[in-house]
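Listed next: structures, encoded as structure tokens.
Presented sequentially are two complexes of chain A, the first with chain B as partner and the second with chain C.
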Partner chain A sequence: MLEYAWIIPAIPVLSFVVILFFGKKMPKGGSEIGIFAVGTSFMLACITAVQWFQRVENASGKSGGAALSAFGKGLFARAGEGGVIVQPVVSTVRWFQMGGVTVSIGTRIDGLAVMMLFVVTLISLLVHIYSTAYLHDDVRFTYYYAALSLFTASMLTLVVASNTLQLLVGWELVGLCSFMLIGHWWEEQANTNAALKAFLTTRTGDVGLMIGVIITFFAANQSFDIGKVNASALAGLNGHTIWLVGASCLLIGIIGKSGQFPLHTWLPDAMAGPTPVSALIHAATMVVAGVYLGARVYGVFWQGFSIHSGGLNAMAIVGGITILIGAALAFVQDDIKKVLAYSTISQLGYMVMALGVGSWVGAVFHLFTHAFFKALLFLGAGSVAHSGSHHSFDMKKDMGGLRKYMPVTFITFMIGSIALAGIFPLAGFWSKDEILATAGQNGFELFTVVGLIGALMTAAYMTRCVYLTFFGEYRGHHHPKESPKAITIPLIVLAGFSVIAGFANASLFDIEKFKQYIEPTVAFPKNIFGVDFDIGLAALSVGIALTAIGIAAAFWIERKELKGLKGLTERSSVLKAGHTFLVNKYYLDYLYTDVIVGGIKGPIARASYWVNMNIIDGVINGVGKGATVIGRVVYRDIDQLVVDGAVNGIARETDQAGGLLRPLQSGRVQRYALMLFAAVGLIALALAIFG
Partner chain B sequence: MNWFDDWALTLAIFLPALGLGIVLMLPKAEEQLAKVVALGTSLVTLAVGIGILAEFDYGKAGRLQFNVDEPWIKVINAHYHLGLDGISLPMLILSMFITVLCIIYSWNHFPEPHNVKGFLALILLLEVGMNGTFLAEDLILFFIFFEIVLLPMFFMIGVWGGPNREYASIKFFLFTLFGSALMLLGFLALFFLQGSFQIPTLAALGDGNLAETTRLLIFGGLFLGFAIKVPMFPFHTWLPDAHTEAPTVGSVLLAAILLKLGTYGFIRIAIPILPHAARIWAPWIGLLAVIGIIYGAFCCLAQTDMKRLIAFSSVSHMGFVMLGIATLTSFGINAAIFGMVAHGLITGMLFFIGGSVQHTFGTREMGRLGGLLKQAPKMGWILGFCAMASLGLPGLAGFWGEFPAVLSAYQPSHGLSTDAFRTFMVIAAVGTVLAAGYLLWMYQRVAFGEPKPEFANAHIHDVTTVEWIAWTPILLMIVALGVYPDIIFSLTNDGATHIANLVKAVGG
Partner chain C sequence: MILNQFLILAAILFCIGVYGVLARRNGVLVLMSVELMLNAVNINLIAFSAYLRSSAGDVFALFVITIAAAEVGVGLAIVLLIYRNLHSPDLDRVEQLKG
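And now, the complex of A and B:
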């Protein structure tokens, strides 16, 4: 399978076409085709992963054994020895040739790719199943499944891409699918606005990506190949500066796609799409495309931002800021999906920061674990809306006390929340700790502190969210009940992964599967930071999270001694200002929508058009009118009176030849034409003199 | 197939003329027969094109093939010289292909004042001019075909056009005529100084023997002629008027083929014949190109008329083509030719839809439209598809005109200012965001939402059979070229590299 990995994205491409043309005629509206296709892709992705593990095992000199036993054995064996080189499996075909460069299309399969293939196909499969119930009566059920298939295909294309150009293609196509699915209910203007905002904001980031791809193409001596780009970057080919510029441009692309500050504002609005889409696209897979890009061409960032030197760099700073601003906004949301959206922004911040502080394994590991628990939380929120709050996502108005009515949803949601909060031994604990420890041990202590503050905030806002949704008294006006199996089974599966996924790289127990199988050994920084498990730090972060949960719970459960804090935002003007600032999302939306977009669509566009109609066109019309006037004068006063009969004759001839035109244009064209040719004649004369 | 080799290009040009003659001889009442004759002619012409595709030697795509070279006007040493290489081939096929589809689309879409016979005759005359321009290897011949195109388009706008047709048609005619006059002047200067009208001869000669001022002035003349046709900022103002007033088919042909005559002129004539001058002019052309990209996009954002918006988007898109050309590199010229084909297909298709929207709703005012996806879902889908193609979504044709053009600007031909072109690169890349903006806003206003009350109960036709026949080939081509760009690049690469090398050879 390693050589034939192209089949994995090809299957959903096929199912997209089939659903589009035949889906409506199928008994289940095309959903069965989608589920079957993604299911097959998932199985192939698993086989590919196992084969990759074997390849690593073989390279390490161990006897491979049967595929599954290798995997099982690998799960608890010690981390691999250093210095073993495992080449990625690259298979390509010629795509096109131009300007002396041959560009290939194909697959680059290594640990990172197989990990992503697994995550994307698994979550996509679960979302496919979940959606059969969630969108059961939807007006565009078939269309929805077609779009899901196209999304899966595009995302997988991006993941297996062997070169940056192909990656760019997949990147834009997932953007398209995101647009289609956010605007799924396009009858409502709010939804289409959100879809446009998402597309345009990410495309703004894509300017950076596009230029970054171009710069790295030239910096790597005209190659898009990911291996070559990485190797060239690490060798510092063509100087350090070009890689700094390239890395900065690519970072802009990451900022746009992965919801980093200051281009994160589209992500909460993207929640206008169906909830399973939010889980799949706007939490678990597409938005991590930016992080994936960062991990894919890590050599460029390592070189460009001089990460090895341990100083401040743009990537870490952007990630760090995003952690804090995302988490802060999650506090003031009443919409459960928006809480999760801001939480996603904040968690993506961890991943980007991890890349910035040289914790490659941490970033990729967090991507892995986050995908499970965040998809779980979104699907849980969807389950609540589906069966508990009658399609409302307002926690304050329509939820509360749901734990009694929806036990499965409640328990799985709790597991997801604890995993997200980073409580031992759930998934989030291990990955977050990996990042913080690496930062702390390699000179990025500041970012460890940022990460710890983020952990505190995460635990607190999730407590608020869980409390408002599941505890207290039911505030809605419907009859909440547990969701059907198609919804709860995906929740249970994801809850399972949220518990165990962290053990893939539980460095406390000397399990370092990510280091061993996922981290590249070719075209990768040789001096990448190692990390030791830091029990003190781990204890500290768990302690912080637990404290936050305690305080938050106490606050919202209204313990007497904390009652004084209630309504504090109303009483203290400073806090009130802060609250308003947060509710207005730092006024960034105002800046973008009203000032920038409004400015371009309004005054700037109108001004350009005014210039067009009055100045540029005015000149043209003026020339035309002037020529007519001059023509009249010339004709009447000079031509008829002064110039001899020969010229008159020619003019008449021309006039007659153009007789065809006259009924239409009253002969004006000929006169214009004549005038123009006369003018040209004069210029010709000038040319003859000066030439 | 020696016979075919000798006659293929002549047939490609004059078969439509033959059909034109037959159509003109038919009685006016025989509308059906006129349609059949016109369609038949264009199909036979396309068959010749397919024959050319089959006979073309792809291993020598950089060389002129199917050559015909006969003395024509002895006194000025003008030749009837036709030839075809990998650069002209896609343009020729595009022209033949779009003509057929336009005639099919016209089948039951004849604009007022009807007159089927006259309208079809003009389409065929246009094809003569378009095919001839892409095949001419002699400047006089080129000029004649270049000018032939003007006439039918002038009448098409002036007779079959919208309310403001008189102003638009005269403006179109005079503006382009003005440019052509200066272009002709350039041709004459070349003839007097270099002694030939033959494009290959002139290209082999280069402009090294000309005085600096002379060659710059000659290039200036050619530039004006071509730039007005493209149209480049600030010579573009005829375009929105012409497009707004032109009948649907006129707009399609104008956008798909006529604009390309200008860019083709740069690639085929101006740059290879005057490489020294091209190097001096290049940064300024690049500057105007990127101004056009941004400026065209801003003007799009101010539009309320769908067709006018698409017209301004042409100004923006042709800016990418011109940016590619201005870099004078193989990347850039390849991108430009791809961009020409892609823009022809995509914008042509957008104008088709614009026409059908007007036909169905009686208006193109976006403020009055809405909910197209609800009332005519298939048309809504096609519009969405074309909008995505037009904004340069990878996987569809538009991307391969845009991205390599931006890429080429990073490293322009040796000796050109890298700083200037890299600035252009960034500006052009920003243009892609604006393109997404105006296209998606258009789509939101036209296709999303609920239908407006005035049309809520109207009986709205979705895509008709005739429209499907006319559109499906274009839609398939947009996907095919987007997925496998080598279809075009493999044809153009040799020729483009050759031109880039000509320029590089004279570079300092």
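And now, the complex of A and C:
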């Protein structure tokens, strides 16, 4: 299967064609073809992964055995015995030949590729199933499934690509498909605009990628092959400067595709598409393509940005800024999908920063875990909108109190939020900690601090989001109910993965599957940073996250209550008198009760009442208000004024230039013909005089 | 071999064709003018072919005739559709692509 991996993207391509031509005639509008095709791809991806594990096992000189037992054995073995070389499986055919340069097309299967194949096909399969219910009566149901198949196929092509040119083809196809799907409901002008914005913004970054591919082609002595590019970069072929320029251009491509500052503005607008599409775009395809590119040609970045020497570099700085900007913006959104969109931006910032600080394993691992819990959160938000708030995503107007009506959605959404916030032992904790520890142990202390601040903000805005959606009183005007099985089952599967995915590389327990199976051993930085599990840092990050949840819960819950009751401390002292009150106030977050109330009940309550009223409240309100103010300032002054201003300015200039040229575009064929003949005449005249 | 006369004839035909394409408003007449231009080119090709005693020009002329036939087929279909939609073959009225 490792040699025949091209079948995996080929199946969805086939299903795209079949759905397009025969989908309307099928009893379920083509959805069954899509699900079957992606399901088959998923099975093949699993087989490929198992065979890759076997290959690594064999290379390490261990007894091969059955794949599963090898995997089980590996689960408890200490990873990274060192010095073992596992060649990636590259199989290619000649694509075209041009002036002595042969460009091939094919597959390059290694740990990174099998990991991505698994994630992409799994998430895509779940999204396919989910969509049968979510888009049940859609006017373009068949068309939607065709586009979804093509989307999956494009991403898989990108993942298995054996050379940068093929990667570029997949990259552009992914952009095209996301354009089609974001603008799925094109009858509304806003959706069309969002699709165009997404397409054009990512195109801006694509120019950088294209130039980067060309530069690396020449820098690697005329080769597009990924292995050769990486090896040449690490050897510093043709000098350091060319790799610096190449890496900078590729970074622009990553910034455009992965929603990094300052090209992140398209991502929140891309929420105009159907929610399952948002989940697919944000978790498994499209935006992670950028991070994948970074991990794929990591040698170029390692050499170009001199990551081994520590200190500051463009990649880490871009990632760091994105973490903070994205998280700050998430505070001021009322649309649940926009909160998640900004959260994705922030999390992608972690991945790019991780690549920038030399934490390759951390970046790829975070991509892996993030895919599960972000897909879960988006599908959860979709479930809420589908069955709870009547297709509205406004948390303040149409949600609240859905905990009672939608228990499955609530529990899975909570799991996703906790995983995202990085609480032990869920998925997000392990990957985030891997990044922070690597940064801290290799001379990037500044970025560890940025990461910790990001963790604080992440936990706080997710608390707000969960509170507004699921706690309090129902504020909508419909009859919320639990979603159908086609929606809840993908949620449950993803919640399961969100819990266990982190243990794939839980360095605390000496499980380092990613280091062992995923990290390349060929054409990869020899002196890539190792990392030791830092229990102090881990405790610190979890502590920070919990504090943030506590503060945020206190702040937002209290603010809701200010109208009727006197405040947080008032409720606490009443709580001392009777537990029944708490039962009535069922919406109090249990964390809130543990962290805040737990400390002040009993005899201390009366004594600390004054302190509570005047100091703790002040601090809590201050922190809460501060976060909101910072978020607003960032949103208004940086995002809206500077970034949007620059974009709008360019658009205005283009518009004026176009206005000058408008008369030429008369629409009359004969005018055009006249211009044509006049131009030919002028050229002939010029030739007659000067030739 | 008198090459000049053929070339002058071709040039005159071509100029008439250009005038027709630019000045006539009737779509059918514009198409006919295009045909004139193509035939002017054909005359040039055959004249040079005979002058240089090579058959390459004749072959090219044959190709041009074939393509011209196809082009008229498509062109007339377009004119027919214009007539059907605007009730007139007047090309000046087809300006929906005005910027």
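Keep in mind that, in the parts below, the second predicted complex is superposed on the first by the 556 of 691 C-alpha atoms of A that agree within 3 Å, B and C clash if a C-alpha of one lies under 4 Å from a C-alpha of the other, contacts with A are read in each partner's own complex, and residues count from 1 in each chain.
The definition used in the following text is that a residue touches a chain if its C-beta (ideal position, glycine included) is under 8 Å from a C-beta of that chain, and two chains touch if they have at least 3 such contacts.
These numbers come from a predicted model, not from an experiment.
Contact with chain B, but none with chain C, is seen for A:E172 once the two complexes are overlaid on the shared chain.
By the document's definition of touching, of the two partners only chain B reaches A:V207; chain C does not. With both structures placed on the common chain, the touch criterion links A:V84 to neither chain B nor chain C. More residues of chain A lie in contact with B than with the other chain of the pair chain B and chain C. Applying the stated contact rule after C-alpha superposition, one finds that A:V629 touches neither chain B nor chain C.
Once chain A of one complex is fitted onto chain A of the other, the partner contacts of A:W186 are limited to chain B, with no touch recorded for chain C.
Judged by the touch definition given at the top, the superposed model places A:W95 against chain B, while chain C stays out of reach.
The contact surfaces that chain B and chain C form on chain A in the two complexes overlap at residues 664-665, 668-669, 673, 677. Listing the residues of chain A that touch chain B in their complex gives 94-100, 168-169, 172-173, 176, 183, 186-187, 189, 192-193, 196, 199-200, 203-204, 206-207, 210-211, 214-215, 217-218, 597, 600-601, 604-609, 612, 616-617, 620, 624, 664-665, 668-669, 672-673, 676-677, 680, 683-684, 687, 690-691. Remark: chain C residues 18, 21-23, 30, 91-92, 94-99 touch chain A in the complex. The part of chain B that touches chain A in the complex is made up of residues 155, 158-159, 166, 169-171, 173-175, 177-178, 181-182, 184-185, 188-189, 211, 213-214, 217, 234, 237-238, 295, 298-303, 329-331, 334, 371, 373-374, 388, 393-395, 399, 403-404, 406-408, 410-411, 425-426, 429-430, 432-434, 436-437, 440-441, 444, 447-450, 484-486, 489-490, 493, 496-497, 500. Across the complex, chain C is touched by residues 661-670, 673-674, 677 of chain A.
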